[in-house]
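Listed next: structures, encoded as structure tokens.
Shared chain: chain A. Partners: chain B in the first complex, chain C in the second.
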Partner chain A sequence: MKTETEVRRALREWVIRTNGKIAADALTDRTPIIEQRIVTSLQITDLLLFLEELTGRAIDVEKLKPGIFRDIDAIYENFFGKADGV
Partner chain B sequence: MAELKRTVERLSEISRKEFADPYTALRDWPERLDPDQWFTSPEFISLCGTEEYERLAQTEKKRLSFLEAVNFYSLNIHGEKSLIEGLARRLYRKDDEDLAPYLHHFLDEENKHMIYFAAFCERYAGKIYPDKKLAFPRDYADGEEDFLFFAKVLVFEEIVDVYNVRMSQDAKLDAVARQINAMHHRDEARHLVFGRQVVKELFQRHASKWPREVLDGVRSYLCDYIVATWREYYNADVYRDMAFDDPRGLQLKAFSHPVQKRQRQTVSAGCLRFLVDSGILPEEPTL
Partner chain C sequence: MKTFLGKPMASERSIDWNLLPGYRWHENGQSTFSGAPLKLYQKLDRLFLQWAGERGAAEHRFPTFIPARELDRLDYFRSFPHLVTFPVTLDPSKDNLAAFVRGAPLDDAGHLQLAASAPIADVLTPAACYHFYIQFQDERLAQPRYVTTRATCFRREDHYAPLQRQWSFSMREIVCLGTADEVKAFLAGGRATVEGFFKKIGLPIEWQNATDPFFEPARSSKYLMQKLDPVKIEMVFNGDLAIGSVNFHRNYFGEAFRITRAGADAYSGCIAFGVERWIFAFLTHFGTDEAGWPVLT
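On to the complex of A and B.
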């Protein structure tokens, strides 16, 4: 079981690796990754698989709420925090 | 536009002649399938070439070929659902009235495809693999949304059709699997003719008016879409159903395997050539 710090770091690393251009110090947990097109809709499939791997459970895409991928804070809160994603 | 109109008339006439009832085929399908059959041609199995695949017993390879078929049909169902939504929005839209006669057939045929894809998945696997795609609303330049809609349809259908043609003729495959691939190809051949013409026409109409950053964005998005489309063929849920260790790791490994890279490039060759020859992409992307 990963700690909150480890999960957030893993998510930041995924975003940096997937985008391929953004510098690590330009990305915070509040950076709007969808609005700024740092992550595109086409990359969300891969993010979902990564989240399934981190959480150890399947994600039902049809039940996802809008804004769930807004930034790393939102992703953490929804998939690892109390709200639990769906 | 005049050429497109003539194509619409010609394709509509063929669609009317070949109007089919999808339920006729379903009535002849067996209650159960023979598990000792292939359902996906071995070269199209997403793990083909990997050591994990080579280690499998023949019965396990055939089981995997069944689950890969369920994934292939599930991808088609999800792709066709989005396609139907997009086509319906464009039906009788101002300036596109000439397309309407064929859009009716396109919608009808896509709906029928989903009937037999879903019947196979539900009858023999008891499920359809879930869709993992999401779309975010955004602003588009003039003509960009239309162009990307039809270009994505084209990419998706061109790849599927290569599978359909090859698998409809593969004597190793179970009769139901061969039939589904053949039925799908019969209509898709027309959809591809329409798709290529409409994509070319939309690009010629709009691209010259797009600022450089829009054109670059469209090209980059399209290349990403081609890769994203291919990624769905490597479904961790399939590997999970096969009880493989580390399904996600296997997915990444299979996708980057040289045999699979070659296969993707070969299957996509016709589509990529069209996109480059039409000036839509400056060069073929590496898949």
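On to the complex of A and C.
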């Protein structure tokens, strides 16, 4: 079981690796990754697969709510925190 | 835009479009206007133009065709193959033209027998605002840019209905290119103006999150993205007919056409009005007698 710090770090590393351009210090947990298209529509499916790997459970796409991938804070809250959105 | 279910609510008037003076419906998904309906068309567009003017938007008039190469940058053909309409011409070789003339150009079903067609490299405009991103490609914007145009747009559908779902229709758009904050402020201001207008004239409109009509949405990552981060809000009349929309494109077009603002890919957004659908809403809600129509200013 990963700690909150480890999960957040893993998410940040995935975003930086996938985007390929953004510098590590330019990405915080509040950076709007969808609005700024740091994660694009072409990468959203990969993000879902990565989250399935991290959480260890399947994600039902139909049940996903708007805003769930807004930033790393939102992803953490919805997939790992109390407000489990899946 | 939303699927139109074709059933007016009890409070709205049911109109026999074949009997409406000044209006003619064509089964191939097009409308002809004259008289009072044409006056309504013109007044509505003047109103949209007035709203565009209040935002300092410069008017443009674009041609009908868009090079396919430009739309391909947006992955348009994979996203909307069911909607796209192409201008087709005959292969210009003498032999082919002679074969076309000698054969029966039209069959009994009214279908053209083209012989060979020439290569197709253009598309009939599917959305008015695409022209702007193509026009402004490679520009560095020193300030936000506000523009407007009305275009005849073409979207092939599996069925058509008078004024509600047409193969060719008029779309007025007011567009902003700038930073994210500039575009968001433009969209918020535009929505407030339109909302205030609906309230003033008493037109029942609900604002609803929506997605673009992607091909095979269940398999479209763009559709999924729009569901997860709504960027399109529609002005929905009677619960089922979108007469316009407010759209935030993020920096999608800025990146695709290398338009920059403040050192980064420009953001963009548009407020779109489907003129025929506005006419439908007006006629069914306020009646076909122009004396009953609200003042459009």
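FYI, the second predicted complex is superposed on the first by the 86 of 86 C-alpha atoms of A that agree within 3 Å, B and C clash if a C-alpha of one lies under 4 Å from a C-alpha of the other, contacts with A are read in each partner's own complex, and residues count from 1 in each chain.
Throughout what follows, a contact is a pair of C-beta atoms (placed from the backbone, for glycine too) under 8 Å apart; a residue touches a chain by one contact, two chains touch by 3 or more.
Computed from a predicted model, the values in this text were never measured in an experiment.
K.L.:
After lining both complexes up on chain A, report clash or fit for chain B versus chain C.
P.N.:
Taken together on chain A, chain C would clash with chain B, as the superposition shows.
K.L.:
Looking at the overlay, what does A:Gly67 touch: chain B (first), chain C (second), both, or neither?
P.N.:
second
K.L.:
Thinking of the overlay built on chain A, is A:Gln36 touched by chain B (first), by chain C (second), by both, or by neither?
P.N.:
Only chain C; A:Gln36 stays clear of chain B.
K.L.:
Under the stated touch criterion, which partner chain does A:Ala26 make contact with: chain B (first), chain C (second), both, or neither?
P.N.:
Touch status of A:Ala26: no partner.
K.L.:
Is A:Glu53 touching the first partner chain B, the second partner chain C, both, or neither of them?
P.N.:
After superposing on A, A:Glu53 lies in contact with chain B but is clear of chain C.
K.L.:
Show which residues of chain A both chain B and chain C reach, each in its own complex.
P.N.:
Common to the two interfaces on chain A: residues 34, 40-42, 44-45, 61, 64, 69.
K.L.:
How about chain A: which of its residues touch chain C in the complex?
P.N.:
Per the stated touch rule, the residues are 34-37, 40-42, 44-45, 61, 64-70.
K.L.:
Can you tell me which positions in chain A touch chain B when the two form their complex?
P.N.:
Its residues touching chain B are 34, 40-46, 48-50, 52-53, 58, 60-62, 64, 69.
K.L.:
What residues on chain C touch chain A, complex-wise?
P.N.:
Counting only chain C, the residues touching chain A are 180, 209, 221-222, 224-225, 227-230, 250-252, 255, 265.
K.L.:
For the complex, which residues does chain B have touching chain A?
P.N.:
Per the touch definition, chain B meets chain A at residues 130-136, 221, 224-225, 227-228, 231-232, 236-237, 248, 251.
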